[in-house]
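In what follows, chain A forms one complex with chain B and a second complex with chain C.
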Partner chain A sequence: MPFEMNFGWTTPIGEVVLGATKADGGTRRISYRIGGGTTLPFLESSPSSPAPLIAFEICDNPDFWSPIVKDYCGDVVNNANEWAKKADADYGADLVRLHLTSTKQRNFSDIASLGSVVEGVLSATSLPVIIEGSNEPKIDSEVYQKCGEAGQGERLLLGTAEAGKYRSIAAAALAYNHSIIAQSPIDINLAKQLNILLKEIGVQRDHIVIDPYTGALGYGFEYSYSAMERIRFSALKGDTDLAMPMICSSADTLTIKEVREAGDGLQDETAIQWELFTCLAAATAGAEILCVRHPGTIVPLRKALAGMKQPAQSAGVP
Partner chain B sequence: MRTVTFLPSYYKIDVPRGTTVLDATQRAGLSMNVVCGGQGKCGKCIVFIRSGRAEFDRQKYGRFFTEPELQKGGCLACETIVQGDLHVFVPESTLIQEQKILVEGLDHEIEFHPSVRKYYVELHPPSLADPSPDLSRFLWGIQKSGGPVAEKMYAPLAVLREMPSILRHSEWKVTATIGLVPGGYRVIDLQENDTSKRVYGAAVDLGSTTIVVYLWDLVTGKVVGVASNYNKQISCGEDILARVNFARKNGLTKLQALAAESINQAITSASNSAGIDREDIYDVVVAGNTVMTHMLLGIDPAYMIAEPYVPVVRRALSIAASRLGIACNPNGGVYAFPAVSDFIGGDIIADILACGMGEREEISLLVDIGTNFEVVLGNKEWMFSCAGAAGPALEGGEVLFGMRANPGAIEKITIDPVTLDPKYSTINGIKPRGICGSGLIDLLAELLLVCVIDRTGRINTGIEHPRIRKGTHFPEFVVAWAKETDTGKDIVITENDIKNLIMSKASVHAACVTLMKEAGVTHKDISTIYFAGAFGNYLDKKNATIIGLIPEIDLKDIKNIGNGAVTGANIALINRRARKTLDDIAYRIAYIELNAESSFMDEYTGSTFLPHTDFSLFPGVQELLDSCRIRKE
Partner chain C sequence: MALKALDIYKLLPKKNCKECGDPTCLTFAMKLAGGKADLDLCPYLSDEAKSVLGATTRPPIRLVKIGVGTKNFKVGEETVLYRHEKTFYHPPGLVFRVTDTMPAEEIVAITRRVRDEVLTRVGADLRFNGIAIENVSGSAETFARAVETVEKVEAHLPPVLISKDTAALKAALVHCGTYRPLLHAATQDNVQEMCALARQHGCPLVVRSGSLDDLVNLVKTCTADGVTDLVLDLAPENFGEFIRRSTAVRQLAITRAVPDLGYPVYLNAAETGQEDAAVALGIVKYGSVIVTDPLPSGSAKAALTLRQNIYTDPQKPIQMNPGIYRVGSPDKDSPVLMTVNFSLTFFTLQGYLESARVPCFMLIVDTEGLSVLTAVAAGKLSEMLVRDSIKTFGLENEVSHRKLIIPGYASPLSGRIEDATGWKVLVGPRDAAEIGEYLHQEWKK
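Coming up: the complex of A and B.
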């Protein structure tokens, strides 16, 4: 008999749709409706709520990527389209998150090329796609404009809006009906402020996914956990400015000392474990999307999430 | 002993049989109208004996009464001798009516009842039949003229040494200056002949930058002179911390002398303009922050600036003026306001006295903003306080074109929502040189209302308008074009300035909320918000609410009290009862250390938004902003 717990929640988390199928005017084979939760995750009393989605992160210029992942994946990292295909077919991801790392090159100006990169990935995989644009104020506006245009009709998730830069990304999202990742530095108030700013320039609640910023486990994750927990509590208690799904990326784990300095032959295993447990912790705090960079993380993560969905007894938990 | 009960108050006092009722009333602290000095001549001290046994010659004094009054037990207090336990009714008209006066900066009158009074007495010379000592004769004379009870007065040695010659030389016609001191009354001074019209007092706001002195005639209850000047301690350090460090390097004596000198200079110029002699100033009341007060008293302030931040003394102190080098009558007293902690000093206690929040049932919030800010929340039963650094932005510091409220400072601004052209006024109406605190608050609110900045204070550079520019380092908004200004340069506000302002306002608001949470009250429970401090007078209440500097309450319940420190000092100078409550007020206030409050940082982040991340705290502002957004689109 599961516990009947009443927390006094009043408001469900808002829903965001990622990806557009043919019926919705896109070309994705599936679309996801995330959010909608009415209580905390993994409660025995509500086992039917869906498990978090797993997104695999790729990039268009591997110079800016973790060597561990590059070594593990091999040549495919040099071809975003092939990599996306592999993420879909071989690694078993639910989503592909494309980082336009090419924009990080000094004096990058070939904005036009980004359109074809995005289009290429969209045709290589029919999963819904997350696009991470540039991080350079001078070209932001054009980059987001290009990404938005290239993904028109596909209901992309565009990243990443911050309090200091949200106008250009919001403009692209509004123009082409995409959703936005709104990132704030591990603080409930700042998260709410950014959502309000976006709302005030016309971005609807059902087009925002909160990124509370995920510190690596052992490197500040407890702050992320606490911020996420408070965001979710406030949302369920009726604060509609925080009632959005959350996305967490464990990308920071690949740069920590334990992973970098793991002995020969142990690096992959250490990276996978670290990503796995960071993601599991984020899922416990309520994340709807978990992003990983090591392909080996996806299978054990999915297994663990499925286990956590089962009632304690049948999962063999004493 | 016989018990005399005074009606209507039912105040009881035990006196020996044979005492006059007048004596008993004086012992009970009732100030009676004794014009003739208690000789049964004036008929002003009328009381009614309701029950009990007393001796009174109705035949002799009947002329002062109507028949019905005699029926009701009418007597003259000075000629009625207590025989048994008595119930005595004292009509209102018999008591000295308190003079009420209006103090600058207050909207209500204060009872005029100073701590120092002069009494002119004409004494009977001693004789073989009446050989009582000079002092007793003198004190009795004062008591009989309506002064304090003889036993409660104390004459210091200096006065006793002068007494025999002054009494005899003046042919027993003298003026005594009596001051209320803790535990009784003190004969401050003794002068020949009638000088009773010449008694003055000074109320001093001892600020770290400026000193303000109000000179009062303590007979008429009028302000006769006002003066202010800079604190000369500035030569030993601009800010308080620097001065404390100066004190630590054997500089305390110098700082003490400079503080006294600064006060003296202001007192002298006020006395000169009023045409009075400084020797006739008998009472000096000083309200200053804790460090300034310590320095004036020559007490080492060093232990206040390092953990665990303890002052040497927090209670009110009365000191002879001569010991501090204050230039008034050398026997005059200096009263220093009490403090709560090193950060909540006498200036804040003076603010509290000025706004009267410590006497009311309703909850008030007091906000005093300078480089540091102090916040006090509470009512007559409890009070919480805290202090913090607001940063200098609200005073015009750390803002590119910020300045203090000096001539040429833009102090008021509105911005046209369509043309985005500002309309401003400057202090003294001259060409603008910069923007002072009140102007900056206006500017922030107006820029938000016309949607030039978003709620985090970022300038929307997407708006195409000549006044909105990318700037050299930060985006900026042009408030005044070079051709309009005194400096020949564009006066702008940058995104960085706005960020500093928001951080300042956030710390003030977060402090208010922290105290409210500590006390378990919400903004709905606050009846009045008082603004004190230099720019309190000029601050636009509506704009202060729009930017979320203070919690949102009805605008009519926000009051500016201006320089509360000097107002409080004025009250304490002219009303002895108010002065007596100060230690009580200070002890009632609990100090909340914001650094130790884990929730403060959270409140602060919530406040770094215009007006606040939690709109439910600012329903009116939210409504206003919603309507302005509609207008914009």
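Coming up: the complex of A and C.
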């Protein structure tokens, strides 16, 4: 093509490795190297970087989970190990993201049990795993310590660090060589600041995945979309404090009116489509890990991403 | 590259005759500089002015109007690659496709669906925009009949006529030739005849090729032939090629590097084998006319919502005027619910209040368009704001009680609002979906 798009990018997106295989001292059957992009998403005409990964989200206490997903998945939601196995073998996810929702129970104190939950999921699936710890400052440090320890050697992705709470998660990541998710509320400057804070306490750039926060489609998604575009753009222009891969979770989408009240027989279809639309748009804006909660989203999403990653073909036009 | 308004002004006739629709040559120059006006509107330009200004002042992407009447839609005239740089102005037309081999009833049903289906979100009615009729039968007569079937519904939807065969298009144009249908498509093989048809009926025309070089040549041929309302079909073989070509066209057009690519982009999602995904990608990646088979309910709503999201102005959230709003016919004893002036919040709450069937007042305070949680986090929602709003809007005259229901997410402010206003504050639920139940249980007490 004689028409070259010239953006003047200077800096590639940094790379982060998720999961450790036997060769790297872990037990995962595969590990992923994400990032490395040198231009806007999907613009390389012979793509070298992999397609965005699809993470399936599960939890250890489904009380806090969308009823649509619970109805669809059935009993398996009560057993995180079985659910993880299914996410891997049946649903076809690339990653399993375990939310320790049990920590949301009032006065939760059984920290010791979390270690075995994490170990259980790690033995139920040999995919790389993302662990979401607690949301309760009082127990944070113990929870992350436990998770980090239970996943030692597996190169987990630990979530979620925020400006007000990043020390305990960073400590666990540093101690056991895991990576972390750094979340900020839809603001490029806040994203950058948090990454700098993490850098200052010793978390390397290749251990950080940015979560710019994904508002639900129709409820703030447009802000997230632009925040992601701006982060990617600034990174490529040379801002190394933003040059990390991004993660997007469409989880909020299942809680909105249009999906909850889709009507009889339409709930699954609606949930899948809203997750699909959110994830595809997020991928074009730069997200490299796409998290879904409805199993039915994975197949169409993977198919579309494969198409987006296809190289130029010989100019055979129908 | 882009000229400043004053440079442009120097080249204008300075007659201030208003014939361009602007009061003075200077204001016309300012519009030209912003890519907001067409040079042809001034009849008195010197040849020199025309040649200097021609390439640099027309909008980098031409505005193309499809259809006539109240349902026409306009696409193009975009100026940026990223919505955060300014905004995206003209949302893509989403067009449902029928084929001429479908039974007439099915064609009628789909046409009616496009006419009638509406998703109301944030105070806006979101609709599909047109109907594409594709000639797959190979027969001009059958094609013309299908177009006639669509037109007989009298839905007045902008049509897209898809056929390689100019004879078929000619036959179809008998039924809709005066409605500015979009013709698809001119290729190297038929460009002359297509231009003749487009000129004769004043139609916009799609040019199609998988190579940008070919597209430029086609565009040159068409414009030389007097057909300037053009739309580009990039004939992508896969989603990757769509994203790459569409981005290239946008980038090369807005920088005016290749002015002949300065036209809106067409995407036939029905051709891609995965329509829902194609529609999503078309919306975010610069598609302007997106043809698809009728989408099932889930993806139809997702598509309309994504389009609404991507095409809102990133600089200012859609806002309501602060003030007092009524739901039903409230009286002096009716409840008052306070919320913010972010449209999405307002309409979400209003919807649930209407279905709760409790007449009430909504007190909308000015948080500069921020949602409840965002306004609380940003400190934009304060007790002073609530106090002043009650005073300014005269809430005291509307109700005889002094009770104010605030959003659950604003509960940290409840004490301070009570102190500042003297009103008793009731903390409502966090989720507006629970407001009906809450009012039925709590208000009657």
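A few notes on this one:
Everything that follows uses one rule, which is that the second predicted complex is superposed on the first by the 302 of 318 C-alpha atoms of A that agree within 3 Å, B and C clash if a C-alpha of one lies under 4 Å from a C-alpha of the other, contacts with A are read in each partner's own complex, and residues count from 1 in each chain.
In this section, contacts are C-beta pairs under 8 Å (C-beta built on N, C-alpha and C of every residue); 3 or more make two chains touch, one makes a residue touch a chain.
The shown structure was predicted, so the numbers you read here are calculated from the model rather than taken from an experiment.
Once chain A of one complex is fitted onto chain A of the other, the partner contacts of A:E229 are limited to chain C, with no touch recorded for chain B.
Applying the stated contact rule after C-alpha superposition, one finds that A:I111 touches neither chain B nor chain C. Touched residues of chain A were counted for both chain B and chain C, and C has more of them. In the superposed pair of complexes, A:A163 makes contact with chain B only, with no contact to chain C. Shared-chain residue A:E200: touches chain B; no touch with chain C. In the superposition on chain A, contact is made by A:L190 with chain B only, not with chain C. When the two structures are aligned on the shared chain, A:Q310 is found in touch with chain C, with no touch to chain B.
Within chain A, not a single residue is touched by chain B in the first complex and by chain C in the second. Touching chain A in their complex are the following residues of chain C: 82-84, 121, 208-213, 235, 237-241, 243-244, 247-248, 251-252, 257-258, 261, 272, 274, 276-277, 280-281, 283-285, 296-299, 301-303, 305-306, 308-310, 312, 314, 344, 348, 351, 371, 377, 433.
Residues 163-164, 167, 187-190, 192-193, 196-197, 200 of chain A are the ones that touch chain B when the two sit in their complex.
Considering their complex, residues 1-3, 5, 7, 40-43, 45, 47, 185, 217-223, 225-226, 229-230, 233, 257-258, 260, 262, 266, 269-274, 276-277, 280-281, 284-285, 300, 303-304, 307-313, 315-318 of chain A touch chain C. Listed in rising order, the residues of chain B touching chain A in the complex are 454-456, 458, 460, 462, 602, 605-606, 608-609, 613, 629.
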